[in-house]
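Next come two complexes, and both contain subunit A; in the first it sits with subunit B, in the second with subunit C.
For the complex of A and B:
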């Protein structure tokens, strides 16, 4: 078994896989991806997988998300059908008083090239006829959409393997040491040596950092989602709260709770989610719910991605973020540039781990 | 069972498709589920659980006792959304994306 690699990526989620794939496009030196379980068993497999831009804040972060969303059509050409759909994104509001805020958002973001329309009630209902007629309006942008997260990771892995990337799954990393300018990675199955090490542990980033005495301040945030039976196609857009998948299922939910790694679903949040769904789309009341699931999201302490070189550690990189699905193609591209060219095409200084002191 | 035997009737997943996941390193029912949709349909794996466990066992030699069951989730049997709804419009854990946008002096913060 090979144990010496040029680059090891710890974490086979949507972020780690995005990096591995983009690396594999440009260099055929040994790349290994390690996953403690099987990819998709964590955050990346328990998400609605919106590719979402238009009302993320502040504007520089929205802009960063936009660049990544722009890469999706090209990515799906390269790795295969990931059911990416640029449906356009709709964020409804029910109080007329929110219109002013929506307009200010649209005006601010026009300057950075994110086109947002503030829709009247009539326009919302024209676009999305099943929306609650009591809606006051919505913000809308054509940049938003969604992707099938399972297809995305599966296709990333297939494309990466084809390009020579090795994967080792059910292989938890237990220890990392720095020795003679190399990294020694001890895992359940073997001990590996590499030059470049990328920490893409998502919700487990803090634990990974601690193995090298580095603080990576990422916390956990639970989200619960309901899944309906397959329904005929009736929702046209990705609505911030629910979306219809290719097979007709509607995924509903936008909840946040601090529950550590507890992936239970709870009746109170299921009920709240049901209330949100029928408020947005009343006809959903008659749809049957087949399943509830919950996912633990990675949430950096200040909410923004932690990307790039780890200060004080040569050839050590970190990529830990919320919104991994949206940001994956861009993070994969930028970390690859950083490793191979020493600089990135879009500045990422703002996202350095050093900001936490 | 031959390669084309249907393992998951709800999603029409064949033996061969389950086998492919195991060849790619999958070791649990949930690995198979996420990659193929096996067990994701209306019956929520009430038929295919044992069949998939057997296929994993045959291909990996893992004892059946070490192959975890799938994660069972509410509501176990399909139920109308309106039964779960309480008609309350007060939200705490569930957020609105637009509410999270903060405006200061006419600008996005």
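For the complex of A and C:
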């Protein structure tokens, strides 16, 4: 069994896979992805998988998300159909007093080139006839959409393997050492050695960092999602909190809780979520809920991605973020550039781990 | 809503647990998704034996009646047409009647959700007329509907042969019994002999190759020792065995182990029929597939253990009763099932599957 690699990516989620695939486009051998379970068993498999730009703040972070959303059509061409749909995104508001805030958001986005429209009540109902008629208006952006996260990761893995990337699953990393300019990665199944090490552990980033004495301030945030029975296609857009999947199921989720790594669902939140969904789209009151699941999201302490070189550690990189689905193609591209070219095509200094001191 | 004991599932095991707890002064609530108590007993016309010593042998539906009558004199609330759909953050169980959802706070919970039939797939097995053996029995005995005129039965367990006899009694022609093994699976040989005596063909070392029909099953191909036998049939009853229904345990966060003799994956539990989740007990087929008499005993043991925990019975007395019930359980179930259960209980503190909701 091969245990010596040029680059090891710890974490086979949507972020780790994005990096592995983009690396494999430029060099064909010597990449290993390690996953403690199996890709899609964690955060990346328990998400609504929006590719979402609008109403992320401040505007420079929205811009970063937009670049990634713009990469999706190209990504599909490279790795195959991932059911990416640029549906456009609607964020409704129910009080006229929110219109001013919406206009300010639109203005701040306009300056960086993201077009957001502030829609009247009539316009919202024309676009999305099943929206609650009590809606006051909505912000709308055409760049938003969604993707099938299972297809996304599966296609990433197929393309990466074709390009020579190795995967080792159900193989938890237990120890990392730095030795003679290399990294020794001890896992359940083997001990590996590599030159470049990328920490893409998502919700487990903090624990991974501690193995090297580094603080990666990522916390866990639980989101509970409800799934309806398959319904005829009736929602046109990705709406704040809900979307209709290709098979007709409507996914609904609004909650954010601190529950550590506990992925249980609770009826308290399930009922709240159902009420919210019905408030947005009253017709959902008639739909049957067939399933509920929780996802544990990675949330850096200040909410923004932690990307790039780890200060003080040569050839050590970190990629830990919320919104991994949206940002995956961009992060994959940038980390690849950083490793192979030593610099990135768009600046990522602002996302450095060093900001936490 | 609050209750001392919430029993999920009003079948024989749930009712047995209800009797033990209610007669010792506890406030008991039974929830069941169907419209009557008794579970699968309600459509069972075959004689049930052995039964625990407190009962005479009787038919299934009669037993359902006897058990239900015993709780009538006590404080037992029954929530029929209700199902458990989840848990609240404070541990309350969420029930739904399809209209509203409400919490029930219970000191102790007994999960007695029973077992589900498993199907055996073959080409065109989704054609109408191809049903499980239990569905055939329900149609005949509960709904008084003939499932068809010409039946083929796939599988030869005791239960499958009971239902074969019941089909014959109501005038369904049983065209054959298909068994993949070289001999009948039924443990009571007289059941096989009785059917052979009535001229019902048994096809051993055989399986269904394919079903055919226009809009519903009309004929099936049975592969018998490498040769194809085509048989006309308008109903095919599949006996694929049963497996414990685990959803509630899963939601409650219980640990699981695999025990083939008990029906596959089942929750871990100890001699008190208590799971590794605090205040969660279990009984019946959900604790391992066994015979009706044994299922009642498991419910009784769970009930006694709850009474002990809630101090409506002295610990020493509970231990004595429990020991006696365990002795009886040993005599009431097949040896391999009993041995599987014993092995399973030994693994209580080292479960294979645990903390499934912890990422």
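Quick notes on this one:
Here is the rule we go by: the second predicted complex is superposed on the first by the 357 of 357 C-alpha atoms of A that agree within 3 Å, B and C clash if a C-alpha of one lies under 4 Å from a C-alpha of the other, contacts with A are read in each partner's own complex, and residues count from 1 in each chain.
Here is the rule we use: a contact is a pair of C-beta atoms (placed from the backbone, for glycine too) under 8 Å apart; a residue touches a chain by one contact, two chains touch by 3 or more.
Nothing here was measured: the structure is a model prediction, and the numbers come from that model.
In the superposition on chain A, A:42 contacts subunit C only, with no contact to subunit B.
Judged by the touch definition given at the top, the superposed model places A:170 against subunit B, while subunit C stays out of reach.
When the two structures are aligned on the shared chain, A:268 is found in touch with subunit B and with subunit C. In the overlay built on the shared chain, the residue A:241 is in contact with subunit B alone; subunit C does not reach it. For subunit A, the partner with contacts to more residues, out of subunit B and subunit C, is B. Looking at the shared chain after the overlay, A:15 reaches neither subunit B nor subunit C. Residue contacts after overlaying the shared chain place A:292 against subunit B and subunit C alike.
When both complexes are overlaid on chain A, the residue A:203 reaches subunit C alone and has no touch with subunit B. On subunit A, the surface patch touched by subunit B in one complex and by subunit C in the other comprises residues 265, 267-271, 292. Remark: subunit C residues 85-89, 94, 101, 103, 251, 253, 357-359 touch subunit A in the complex.
Residues of subunit A touching subunit B in their complex: 38, 40-41, 45, 55, 57-59, 91-93, 98, 101-102, 104-105, 108-109, 139, 150, 154, 157, 167, 169-170, 224, 226, 228-229, 240-241, 247, 253-257, 265, 267-279, 284-293.
Taken together, the subunit B residues at the contact with subunit A in this complex read 24-28, 30-31, 34-35, 37, 40-42, 44, 71, 73-75, 78-82, 84-89, 91-98, 100-103, 106-109. Chain contact summary for the complex, subunit A toward subunit C: residues 42, 203, 261-271, 292, 294, 296.
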